[in-house]
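So, here come the structures, one by one.
First chain A sits with chain B, and in the next complex the same chain sits with chain C.
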Partner chain A sequence: MFSFATIGRNILVLVLLVIIIFTGIINPRFLSLQNILNILQQISVLGIVSIGMTILLISGGLDLSVGSLISLSAYVGGLTIVQTQSLGLGILALFACAVFFGFLNGVLAATERAHPFIITLGTMTFLQGVAVVISRGSPINGMGGLYELIGIRDIFGLPAPAIIFIGLLILSHFFLRNIPLGRYAFAIGGNQEASRLSGIRISRMKIALYALNGLFVGVAALVLSSILDSALPTMGTGYELRSVAAAVIGGTPLFGGRGNVFGTLGGVFLLGLVSNSINLLGISANFQGVVLGAIMVAAVMFQKSQ
Partner chain B sequence: MDENQPLLKIINVSKSFPGVRALDKVNMTLIAGEVHALVGENGAGKSTLVKIISGAYTPDEGSIDIEDRSFRSLNPYQARLNGIATVYQEQQLVPWLSVAENIFLGMEPRTRWGSIDFSAMKEEAEERIHSYGLSIQPTDIVAALSVAARQEVAILKVLARQAKVLLLDEPTASLTGSQVDFLFHLIHQLQQQGIGILYISHYLDEVLEISQRITVLRNGQYVGTFQKGDLTKETLIEKMAGHKLDFSAAIKKPVGKKVLELKEISCNNVLQNVNLSLHEEEILGILGGNDSGCHELIRLLAGLLPFSQGKMFLKGEPYSPTCIYDALEKGLFFIPENMRKEGLILPLSLAKNITLSNLKEILTQGMIHLKKEGDQAQSLVKALKIVTPSVKTEVQYLSGGNQRKVLFAKALFANAQIWLLEEPTQGVDVEARQEIHRLLIDIKSKQKSILLVSSDLEELITIADRIIILRRGQIVEEIADSSSTSPKELLQAMLGG
Partner chain C sequence: MFRRLFLTLLILAIIIAGSGSIVLAEENEIEIAFIRATGEPYYQYGSQAAEAAAKKLGVKMVVYTSNLDSAQELANVQDAIARGCDGILIYAVSLSSERAAVDTASKAKVPIFFQSGYHTDLLPLSAGFMDNSLKEFSKPLGIWMAENLEKGKVAVIEGALGRGDSEAYTEGFKEGLSQNPNLEIVTTISAEWNRQKAYEAATNIITAHPDIVGLFVQNEDMTVGVASALERLGKLEQVTIVSQNGAPYGLDLIREGKLQYTNANPPSIASVMALRILLGVVKGEIEPGHFYWAPTQLISKENLDVTYRWDASEEEIEQWLDLPLPEPVIPPPIL
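After this line comes the complex of A and B, so read on.
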């Protein structure tokens, strides 16, 4: 069926093509295999965070603390590795931290005492503070083998982070389509009151969805710290807004009830390609913000307004 | 001023919504200095007419004459400019401003420097308040005033804007007896100034007290305009209800065994000592106005409201649901009146809406079997004759009648044994209404029970086996064989005539 949403998506594809062709002509290195793999690696962390965010947005939720939580859980993971010399325990600690605070966001959001925007703005500030306090501002260098495990690993010629991203993308698509919790995300975001009257336990489902988002944050923290082979207390800063932007550019509205993760893939690609082209075109990195911001605004303006 | 000068003339005005003819060639004239009441049952078209006069709706045909100017339609700005003012209870006031600031909002007196002249504003407001003998102070903050006082401020506000026609929509709904008297006193003063007042209310005693002429609407049709002296409450009710209805089509069957029983249920101040029982293969109609407690009663059964006293039994077992989930588990299914807000997930497809309350039916190993979902939804769409391009269509694109039927399909899919329905035919056209009625009779005949809260008399008489009338939280009458009732008797029982 004809709809503005499809135009929105087509415009996204068009913009992507223009960027690719334009940059490819000016700098042929842009289309080299090496650079494409590079881009895939670069977007994978944002991609993983954006999947979780997309699911939350579909359910009418939002989590602005994902950036801080990446920093904190990566740091907690790195610290555990350094202290115990055990990679397994480190990864466990990282996920425990990420899922716990995701869960906590869910519990707070389920009280409905305030909009999740405000609640997670608070937890974002809080978690960032905790990360800075326990690290005293200094990074952990060396993640005890994580670098070799994921950071520089290639699987079938593709960077491991990209494989993880694509794998999660397919899984989450399946989750939204075939798993009851995924279906309930659409229902709650579409009409919370009607969902409640349909017998869906809203609070439990919300908590589960936020905890699931924590899981995605955990994977993103793991991948990011293994790529960098270090854990910085501020390394997640900015992911909260870019993940929302990627989801919205990809056609997931902020008011819930709609959305899909493949659209988000397009949004993530757009943001990644723009950064990469700016680099390769020799434009000062200072312009990145200007261009990215303009594209975000333009993309949402073309979307269906309801 | 000429006493009989018409301020407002409604000439052959009609308005249709998709599938519903809300107003059909309605005529009405409002004369300067008269109080003209507009009465009719729910859905008779009162609010549609008010919205046309205030400019919120555009009529399909007919014209609106204001004094000597004729309009095909009005927009809210034109209506105001021509002296038509609607007084709602509070929406128009800014709560954190004073009475004087509210009265002169947007037209404040200025000093010669261009700033607001507060002392002049206060004086002028005081003068106006005094001239009507009101007891509010110009410096009072609106948020701190009573409902009655706020209404007075709202009236002063529209008068300051040179209103000639005042639309009062249920102005006494939340007033006490003495406040009503005071409002009537104010209305008399306005009358003497030559202001025309269109008074909409379902309190017939008040209507007969305050108005000079009464226009009656029924199902969007213009029944007539009557002088107050020619009417009694009896004859007015008769005109509102009509009497040429044929109910022979309904088949009433003897009822089955008792499935649900309420014993002396009370709920705060809304329900008092309610006793009732619902049987298998029975449609129990519950009639009552908005303040009767019937909406609370149905929500209590659905587990959405707690009850403070009394006992409920479901098939002989004690039943006290603490949330809607309990009710659903036990086979009670609630379909609320406001289906777009509380019933449907508009951006989801038909199939997904239908299966939402009973997803486990289509799970295989914890996963939703999409083909099974589509097939089952398809068979329900067929059984209920839902008109839709496909089961994948988003429900927001369906008509009101079909959206209702989607909710029925959802209840069927959830294996509902006891259906709790609230105004199931509100906003649907005549044909869909009949179809829904046939469907409900069909559903109940399959060992189901239906509790039907409705303010539609004809609907209750047509399909309910028994009717219970609630007034102020109490059962005032039970009509065992509804087919022998007339709408007039029902309306009388409901309004306390």
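After this line comes the complex of A and C, so read on.
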């Protein structure tokens, strides 16, 4: 069970505290309520994608197509909204697209003819291409009522995207601990052959886990297109690597069998906080990549030393 | 234990090293955030000129980069507001993601001035827009090629697809080129604004169409790669290249005879003028919500002594501060 003692032992918390204290002293606005709400909103999309990625990594899987799938499913959703004037149909189309391609990734990964890295690298390129072909390069401006429904809405004083992220975080923790598919993810990632011998239907479970990842991607696409009130055929670019980074910084190894979503929360916070604090400190734009990259490397080194 | 201590110290060292470039505004000092789409040369020259101008105007400036990520762009706007910036100057990532940025800035009553991505609905909510019609920008290049090439095959090397800009440039060029029915566009390849990919694209085009006579390369960074490829293949004399930007390395190509014609959109003067307009809005001296055309200049070997260089010196930038501001115009509904 998740406990604060576990997190307390995690050096990631120390890194986060160093950043918070340092930035807070230099620029007190960093600790303002508005900025904290900004950070929560800013990390929500990456957080949602990272939850799905964490579950996949635990099971020994990997999905590099999540960024392209965000772009494609958001675009399909936006296009449906524009053409049918129906928000419901748009959301349905968005999720159908995301889950279908998640499922497809699962089917391909379950064949075990190649490592998921190379399979999803292929689907990443494919999906990005499809997004550009469908859109012909033209973004969709205006996502019906999604902007008002999610993008700028506050619930109990918190941005709706952050509420969605926190809700999914809790649900996925419960899923990994208490639902058979979640527990199988640990078993498959830990020792696939032993899991097979113990009667777990590996292929089915893999397909289900990738489809579930597609569902998380769908939520991320919905939230991102709501926040931006638009759908761009390239809007998801970069999420694939950042979500892997967040999960790994949070303590989920690339080779599976271990990990938890609250650790990933730490990784997501680290990436979001560093980015935010760099901006609030006004560090030279040319130097920002150096700081962010160095902190990421150091954080991963910390995790390795645990 | 020692390893952890070492790593903690390493992180602190990195942060402290980074803090060497920390910029904080003093009380009552105007601070402007310059948000650029990427760290590519176009935006680098723009932000450098704006920083130099800001310094001379006694204004603090912080520069953020969105890395072509609309979500990061919005985060940058939020962070600039949280930091206490008095105004935001922005090169938007795409032609469509500005609404969230405008809403966020409006809510915080922080004027936001866009240097790209014009949108009719957002004009009244913004401090202003300075932009070009992408189609109209590339059209003269097509017209020039139509007038200067008799007949033959033409190819287009585009930037990254999916943001609308490359597609619009291609459309404008085609429109201009259509004035000569003897010129035919045989292929269009995306090189994603990347010099190496442009080199490969040019090689592939020459392989498929060895008799090609014209190339429209959508920026000069890619043109550098294209010119190298054509030189290696011995096709520089045969192929006429037109491009866009007017960057220092583009002017060098024209000087060397490797690039024949370009349309310059100097980010330096545009950013300085945009900064001056934004400051006017912040101080209440200029009415917000107006549109301004961004400066452009068609350049060939005959007029290489350009009016506004990308890499303008501090003295030149100081002179720009005395130039009259561009007049606001009524923009077309769609650029």
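Operating definition for what follows: the second predicted complex is superposed on the first by the 290 of 306 C-alpha atoms of A that agree within 3 Å, B and C clash if a C-alpha of one lies under 4 Å from a C-alpha of the other, contacts with A are read in each partner's own complex, and residues count from 1 in each chain.
In this section, a residue touches a chain if its C-beta (ideal position, glycine included) is under 8 Å from a C-beta of that chain, and two chains touch if they have at least 3 such contacts.
Bear in mind that the values here come from a model prediction, so they are computed numbers and not experimental data.
Once both complexes are superposed on chain A, the partners chain B and chain C fit side by side without clashing. Which of chain B and chain C touches more residues of chain A is settled by the count: it is C. Look at A:Leu273: by the touch rule set out above, it reaches neither chain B nor chain C. Of the two partner chains, chain B is the only one touched by A:Ile179; chain C is not. Once the two complexes are laid over each other on the shared chain, residue contacts for A:Leu14 go to chain C alone; chain B is not touched. Within the superposed three-chain model, A:Met205 lies out of touch with both chain B and chain C [touch as defined at top]. Once the two complexes are laid over each other on the shared chain, residue contacts for A:Met296 go to neither chain B nor chain C.
With both structures placed on the common chain, the touch criterion links A:Val132 to chain C but leaves chain B unconnected. After overlaying the two complexes on the shared chain, residue contacts for A:Ser195 are found with chain B alone; chain C is out of touch. In the superposed pair of complexes, A:Ala110 makes contact with neither chain B nor chain C. Once chain A of one complex is fitted onto chain A of the other, the partner contacts of A:Arg258 are limited to chain B, with no touch recorded for chain C.
The minimum CA-CA separation between chain B and chain C in the overlaid arrangement is 24 Å, rounded to the whole angstrom. For chain A in complex with chain C, the touching residues are 11, 14-15, 18-19, 22, 26-27, 29-30, 32, 34-35, 38, 41-42, 45, 71, 131-132, 135-142, 147, 151-152, 224, 227-230, 232-235, 237-238, 275-276, 278-291, 294-295, 298, 301-302, 305.
By the touch criterion given at the top, residues 3-4, 7-8, 10-12, 14-15, 18-19, 21-24, 36, 39, 47, 62-65, 67-72, 74-76, 78-84, 94-97, 99-100, 103, 119, 160-164, 166-167 of chain C touch chain A in their complex.
Residue ranges on chain A touching chain B, taken from their complex, read 177-180, 183, 186-187, 190-191, 193-201, 257-258. The residues of chain B lying in touch with chain A in their complex are 302, 304, 324-325, 328-329, 334, 336, 341-348, 352, 356-357, 359, 363, 366-368, 370, 410.
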